[in-house]
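Read through the structure below, which is laid out as structure tokens, and then see the notes.
A, B, C, D and E label the chains in the order they appear, each numbered from 1.
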Amino acid sequence: MREAAFYLAGAGAVFFSLLMLFQRGLYAAAACLLGALLQTGALLYLAGSPLVGFLQVVICSGGVMTLVVVAVVSAPRKAGAGGDPAMWAAGSVPRPLAAGVVLFLAAEAALAAAGAMSSAGASGALDARVGAVLFGPYALATEAAALLLFLAALALVSGREREAR
Amino acid sequence: MREALAFFSAPLLWPQLTLASGLLCCLASGMSRGVTGAASRTLGVVSLLVALWMLLFTGRGPGGPLVSLDGLGAAWQILFNVGALPVFLSLDEDDEVPASLLLGVCLGAGLLAASASLLMVFIGLELLSLPAYLLVARLPSASAPPHEASVKYFFSGALASCLFLLGMAFHYASSGSLALAPAPGIMGAAGLALMGSAALFKLGAAPFHFWLPDVYESSAPALAGFLSTSVKSAALFLLMRLASLGPDSALSAALPWIGALTALYGSLLALRQVRLQRLFAYSSVSHAGIMVLGVGAWAAQGCDPAAAAPLFFYGLVYLCMSNGAFLFIRLSGLSQRGDAAGYGTMRAAPAALFAVLLLSLAGIPPTGGFLAKLLIFWEAVKAGLYLPVAVAALASLVGLGYYLGLIRDMYFDEPKWRSPETETGAVPVLLWVCAAGAALLGVLPWVLKSYLERLFL
Amino acid sequence: MNPALQVGLALFFLGLACLALRGRLLVMLLGLELMAAGSVVILTWQAGVFGDPAGLAAVVLILAVAAAEAVVGLCLILRLHHAGRSGDAESLTALRE
Amino acid sequence: MTLTALWLVPAMGGVLCLFTKAETSKRFSAAVAAAVLGYCLWLSVPYAPASGGWGLVETGPEWIFGIRYTLALDGLAFSLVWLTAFLTLVSLAASWKGGFSPGYWACFLFLEASLMGVFLSRDLLVFYVFWEAVLIPMFFIIGVWGSDGRRHAAMKFFLFTFFGSLFMLVGMLALVTARHAATGVWTWDMGELAGANPAGLAGTLMFVSFVIGFGVKIPLFPMHTWLPDAHTEAPAAGSIMLAGVLLKMGVYGFLRVLIPVFPKLCWELLPWLGGLACVNILYGSLCAMQQRDLKRLIAYSSVAHLGFCVLGVLSWTPEGVAGGSLQLFNHGITTGALFMMVGFLYERTHRRGLADFGELVGRAPWLTFFFGWAVMASIGLPGMNGFVGEFMSLAGMARALPVMAVAGAAGIVLSAAYCLPAYQAVFWGASGPGSVSSKVTDLDAREQVLVWVLCGLMLYIGLCPTPFLDGLAPSVAAIVPYGFQQ
Amino acid sequence: MPVPVSVHLLFLAPAAALLASFFLVRPFRPRWTHLPILLSCAVVSGAAIDLAAKVYTGWSMDQTLGLWMAAGTWDVSFGVRIDGLSAAVLAMVAVVGALIHVYAAGYMRSDPGFPRFFLSFHLFYLSMIGMLVSNNFVQFYLFWEGVGLCSFLLIGFWTHKPAARAASLQAFVVNRVGDFAFLVAILILLKTYGDTRFERVFELMAYQGGPLLALVGLLLFTAAASKSAQFPLYFWLPDAMEGPTPVSALMHAATMVTAGIFLLARAWPLVVFVPGLPTVIAAVGGATAVFAGLLACGQTDLKRILAYSTVSHLGLMALALGLGRVGVAVLHLIMHGFFKAVLFLCAGNIAHGLGKSAADVSETGGLAKSMPVTMACFAAGAASLAGLWPTAGFFSKDGIIEAALEAGPGWLAVALLAAALGAFYISRMLFLAFFGPSPEQHPGHCHEAPASMAVPAAFLALAALSAGALSHGIGSLLKVGGLAPEESLALAHFSWPVFGLGTAAAGVGFGAAWFLTLARPSFDWDWRRRHPGLQALVASDFGWRKVVALAASACWGLAEWVGGSLDRRRWDGFIEWTAPASLSLGGCISLKGGRLNDYLWWILSGTAVLMAAALL
């Protein structure tokens, strides 16, 4: 049952991703991403970790929301003199596409070769121990990640400030 | 909680803690109005020096699931911190942000060096990269188109991060742990390859390097020097760590060839460059190739930490050479290759120092660049990698074309313009130090040798 | 067959396609988010498989880091906009051979 | 310090030169060069053959990874050390009136220092370091103070020779590593590597890489094309050093490294190497016949003459090795003198073409006389130094591979065919419409003294080479046993 | 064994004279440069005669005096060998050379290059003497080349004359071809026997033979042919007339061209050891004698007539050698030295008298009146050359004819033809120069030579007439300490048939000359005008000079191609091309456009390759 739900959510995520890939508009693409990320949250939930699922929804969806807002605010109102920006990157697609396909096939091959892994999800009991890990042995990493976020924020702020000057 | 505190009380991370405190102090100093950029720079230099000094007292061994410090990690921290000194000393920004970001990069590199887990590696890598993207945007060179380089840098780097993340996931899926330990099976190999490409990206090996010339060209010279030394040694360290996860993996087997071809590619491209900073960017690609070749040779011989001395020495010499070259660009104000014409007759001392650096970069004895290259080649020959060595040797021949070409322009041509008066202060002194380092490291490595031996154990 | 791996990989490569094939920087940034999400799905599932809270903790931190990355990317794109340039990747060709 | 001083003193002198004024630096550099020469002569007294042979060794502590700073002086090295010291002084004196900057004088001292190092070092890596260091001052000498094509020539010189050195470097690494695999010891010492005889494809490749490394310097055909350009564009004193000493490094490498380390391959591949040397002689001579520029002509003649040295050295007979080694010295003296005199002409007229002169016999009898003298030494006229070296080399080769000796001897005919027409054109012939002969004045006292010394040496060695051969004898005796036993 | 003072003097006197002239006299009194040199000539002549006298009494020496070069057990030394052969030739060379020195002092008096001339001249003399007394091949080679060097300096002495420069170059290069052969021969001998002393080499050769001796013999003969102007390599000698006349005299009579014959005489044990080689030498010699004799008849320049005559006589010497009569050859060498010297001096006197450096027959004629002494001397020399009894030439030519007679009718015909030709061209020259003048001739004003020139000529004329008296003495002298077998050193015994044949040949030649020159005075000019083809044939030495010119230009063409096209354009061009090539290679592999998507895709491609490698 859970597996079916997982597949369903997975299908949803992939669907939204595909949708995003082929959306021309920025807002629409962002909305699709939001959908995909929400589905991912569900996936994570179904994978046995409601906490992470929740965080995914909060952080990433929140992040994406921010993105959308910021994009609305900052993106040039009108397209530049060069006209509407092209949807696809120009250039020779086949060569890079081949690289991507090879990469994908290789990853798939790796998966197939390692396919014997159990597909059983875990219980929610893990979530309870995550906190202990995060602020126990992983405290250092947590600190570092926090510092990183701090620096990123600093970048955002100082950048605005500087440009304001 | 006690566990966490034990962690901080362990002496393994004292240098990193110093840097982090320095970083926080820097940020704090930004809050108060009266404090200038000079203070933050001083703070940065002091924390770097203190961190270096503390390296003497750091212990060795594991410190929990995330941290472990071995001789290699300790040694490489020297590279990160020393490599960062010139940029601090030659910065002339008036606020605290660049200094904070620089310290952030150093901290990230330091964490990378002391990590025992891929998670820590990832965080360290990001802590290293994100400030670097911002720095490129923040400290552009005079002629750079605004922000283009930083965006390119960001997207390339983010792709590499994601690849690293996927590799990490594969590694985890294969071994059930994020510890820096070999992962079994084909998934492990795939994960290693993915993470390896991220490391090669940071190092600027072909074909992962295309961002690099753009970024170095449009960064302030001192920053380019920093990126090509501290950041690059961190990437080198990462690559070594990854290679030691699978000394007989496909990644390790590919490294010598990637390195040799990168060296050749970088040299061939550098030959064509007109803008000096871009030229040195490609030269840096070429040198990265030699480093990758060295890692390949090191891996082929079983990744013995004590045998990493040639790589460390290369990093050390390259630190002097690259920082020196970019400092010279900063000092002389030359931007085009043609501007160098007759510089030797106009400004004798900087030109002579630059010539020494160029000879060292080209690997001409008796400079340090020669000995570093020799040691790498030697390791490769020991590993039986004759063909890659031959290709890399060819690359140094091509490299000679532009290094010598610059000397030729400086000394053999008549000056076409009047160079501005060179500034006084820290930059000329640093240039002297770098040139002296590049020259003397070729002659006096045994001074280092005993110290290195102690360090690596 | 491991469903999480399949889904995660699919998300990752769709994000990759978005990053590499789309022309607008913001959409590319979205693709990056998707890639991170794909990896996270794999990690989370495997943490569950192994019953490893440390894995989950790692995922949490990775999420944070990914967010920081997104912030930085956004910041850079914003600056680009402020400098009066379009958000089109194709327009970033001033630096070239 | 006895031997270290030989390179350290000029090196320090060079550094000091850089910080002095032009006139002072000139005198100072000459003083340093004279002191070094005096020191060389003084060294030769206690270590003269009569008092029990040569063998001054100086060893430092191990540097890193089996590399050890080791210097030694034996007869072979001494002849070249002496040549270096002597020709440096000659070069400095020959450019006395050129009005050069301190860098010029410093470069010559640096050049002397690195050349001394090459000839003295017994450690392969130290040897290589000095070997490459030679390029730097020479690069500047050609590039800064050369004639019109100097930029190009300097680059070509450096790149071309560096190309060869890279091969040698890789070969050295492979050799040392192979030696370690065989014996378990890391050593770069030439003495300990002697007789290593690496076998198989790897051995052959190492051998070839050494041959390329040394061959570029000699220069062995087909690696010779840097030489005409470099010689032509270098200032006169630079050409003296280039032809007089730098080319000797290659053959010296053959003697010091190639033959002791790869005796078997040397013998097996003798037809190839000797063949190349013969091509050198014939091809170099043919090229020289066609030249219209005096310096280019002498440069190609160097290509031919060095072929004799290689033939002799490879013959592995006492007379061949001794002759080849002596010929190194001889060629330095002779070609040095020729380049110096072309330099005198160039100084006066800024021309070097054969067609630019004529009828100098009346205007500059001394120059005509000495140039003829040196030309005769150069074409191997018996009684002059060139004959002794070439004859002994060929005699040695005749014992090893007679066909090669015949091909080498054919160079004797050709040498007359390229040297004498040029000599006639410049000194005897009618001066054409564009001739600058009227600007040529005869040698002044300083120039005459220089040329007298060189020409006197030519005759002295030609008639009485035994003191030189005696000095070389122990080194020759040490090299020959590696070789094929007759 | 103590070395006689005379031997030391042979070297020391010229060396000291050269040094003294160069350093002490020339800088202060350039006109006196010749004084120490003339003194040295006197001393050397005295020493040579003293040595000859010593040898005549049975004394000989072969001694190593000092080491030249050595390595290991290998060495080459300086040494002296004085035996009959060297003493005889030495005495002739020393005396004739000394007389020519005296002559040159007069002849070159007013030349601005007087000191240079005299120093080179004396060095020439010294080289020849050193060569004659060498005891090993290498030392022989040293002086042999020294002779070549001096010939280069002296033939081209008048550097302002293009022909002189070309001739000196040609002489040196052709000689170098011979030197090459000589050197290779020495190398082979050294390789085979490990020694170069004549005595030792011949001893070992006789004892153990040797694989390459035939080659050595042939090479030595090639060397001799180049120096002694035998057929294929003779052409430099007539051209060498561009030098001052004393040089020609010295070169033809005493110092240079005899060296080759002397070498063959020296190496006779080796030459005779090679089956067939003597016949080859005889054939080449005979061919040369006739060939050059014919050409001499067609020359118009006085000195060129004499030059071709020298070639012809050298051919005769080679013929005698080849027929196994070393003694006869050497005797002819000596006699030829006397009469050829006087002939050249007379030719020089004529040119000098006319105030020119060379004289053509059209500028002479009827000089008998104005130059009686010269005419007398010339006639003496001519008689000797023609081999009239009892002049010097008779004795040696007699021996050659006898040898030819013994060898067979073919050889005899050649010898007689050469003798008749000799008589013809020398008589023709005598008539054209001193009789007449014919209507075609326009002699300028002429005066008799000064005493310094006339006296040496007179002395030599006397010798040319009377040296035959010495022939018996020379015969016994040659046998002292010789390396060659006794019988080869034997001279001719007087016999009527030989006398008759020789005299008849000379008579025919003389008669023909009288008939064609005095009886029909314009014949010489007529046939040239009427048969330009024949004239061209003579001018090009029956076409041989064209072949030589073709070969020379082929050599230069090869050099042009190698040096210009192959080396410079192709090979060096290729090397230079690598620089632009690597630049454009860099251009080919660079990523143009600077587009972010390309960067990303390249990263992906790299990763894909790595992944693929990891999985495969």
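Methods note: contacts are C-beta pairs under 8 Å (C-beta built on N, C-alpha and C of every residue); 3 or more make two chains touch, one makes a residue touch a chain.
On a predicted model such as this, the values are computed, not experimentally measured, just so you know.
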Contact-graph separation of chain D and chain E, given in steps at minimum: 1
Minimal step count in the chain contact network, chain B to chain C: 1
Given chain A and chain B, the chains that contact each of them: C, E
Reference chain B; chain at largest CA-centroid distance: E
Central chain (distance from its CA mean to the mean of all protein CA atoms): D
Chain located farthest away, centre of chain A as origin (C-alpha): E
Inter-chain pair with the most contacting C-beta pairs: A-C
Geometric centre distance via CA averages, chain E-chain B, whole Å: 78
Chain A and chain C, separation of their C-alpha mean positions in angstrom: 5
Euclidean distance of C-alpha centroids - chain A vs chain E, Å: 101
Chain C-chain E separation of Cα centroids, rounded to whole Å: 96
Junction residues of chain E - those touching two or more other chains: 590-591, 593-598, 600-602, 604-605, 607, 611, 614-615
Numbers and ranges of chain B residues touching at least 2 other chains: 65, 119, 123, 126, 130, 134, 137, 151-152, 155, 159, 166, 170, 173, 186, 189-190, 214, 269, 272, 401
Residues of chain A whose C-beta touches two or more other chains: 89-90, 96, 100, 103, 106-107, 109-111, 113, 117, 137-138, 141, 145, 148, 151-152, 155, 159
Those chain pairs that satisfy the touch definition: A-B, A-C, A-E, B-C, B-D, B-E, C-E, D-E
Of all residues in chain B, those that touch chain A in their complex: 1, 3-4, 7-8, 13, 20, 23, 27, 64-67, 95, 97, 100-101, 104, 107, 111, 117, 119-120, 123-124, 126-127, 130-131, 134, 137-138, 166, 170, 173-174, 185-187, 189-190
List of chain E residues in touch with chain C within their complex: 590-597, 600-601, 604
Complex contact set, residues of chain D against chain E: 156, 160, 222, 225, 283, 286-291, 300, 317-319, 321-323, 359, 361, 365, 372, 376, 381-383, 387-388, 391-392, 394-395, 398-399, 402, 405-406, 409-410, 412-413, 416-418, 420-421, 424, 427-430, 463, 465-466, 469, 472-473, 476-477, 480
Complex interface listing, chain A residues touching chain C: 3, 6-7, 10, 13-14, 17-18, 20-21, 26, 29-30, 33, 36-37, 40, 43-44, 47-49, 51-52, 55-56, 59-60, 63-64, 66-67, 70-71, 74-76, 79-80, 82, 85-90, 93, 96, 100, 103-104, 107-108, 111, 115, 117-122, 126-127, 129-130, 132-134, 137-138, 141-142, 145-146, 148-149, 151-153, 155-156, 159, 163
For the chain D and chain B complex, residues of the former touching the latter: 61-65, 125, 128-133, 135-136, 139-140, 143-144, 150-151, 154-155, 158-159, 162-163, 166-167, 169-170, 173-174, 176-177, 205
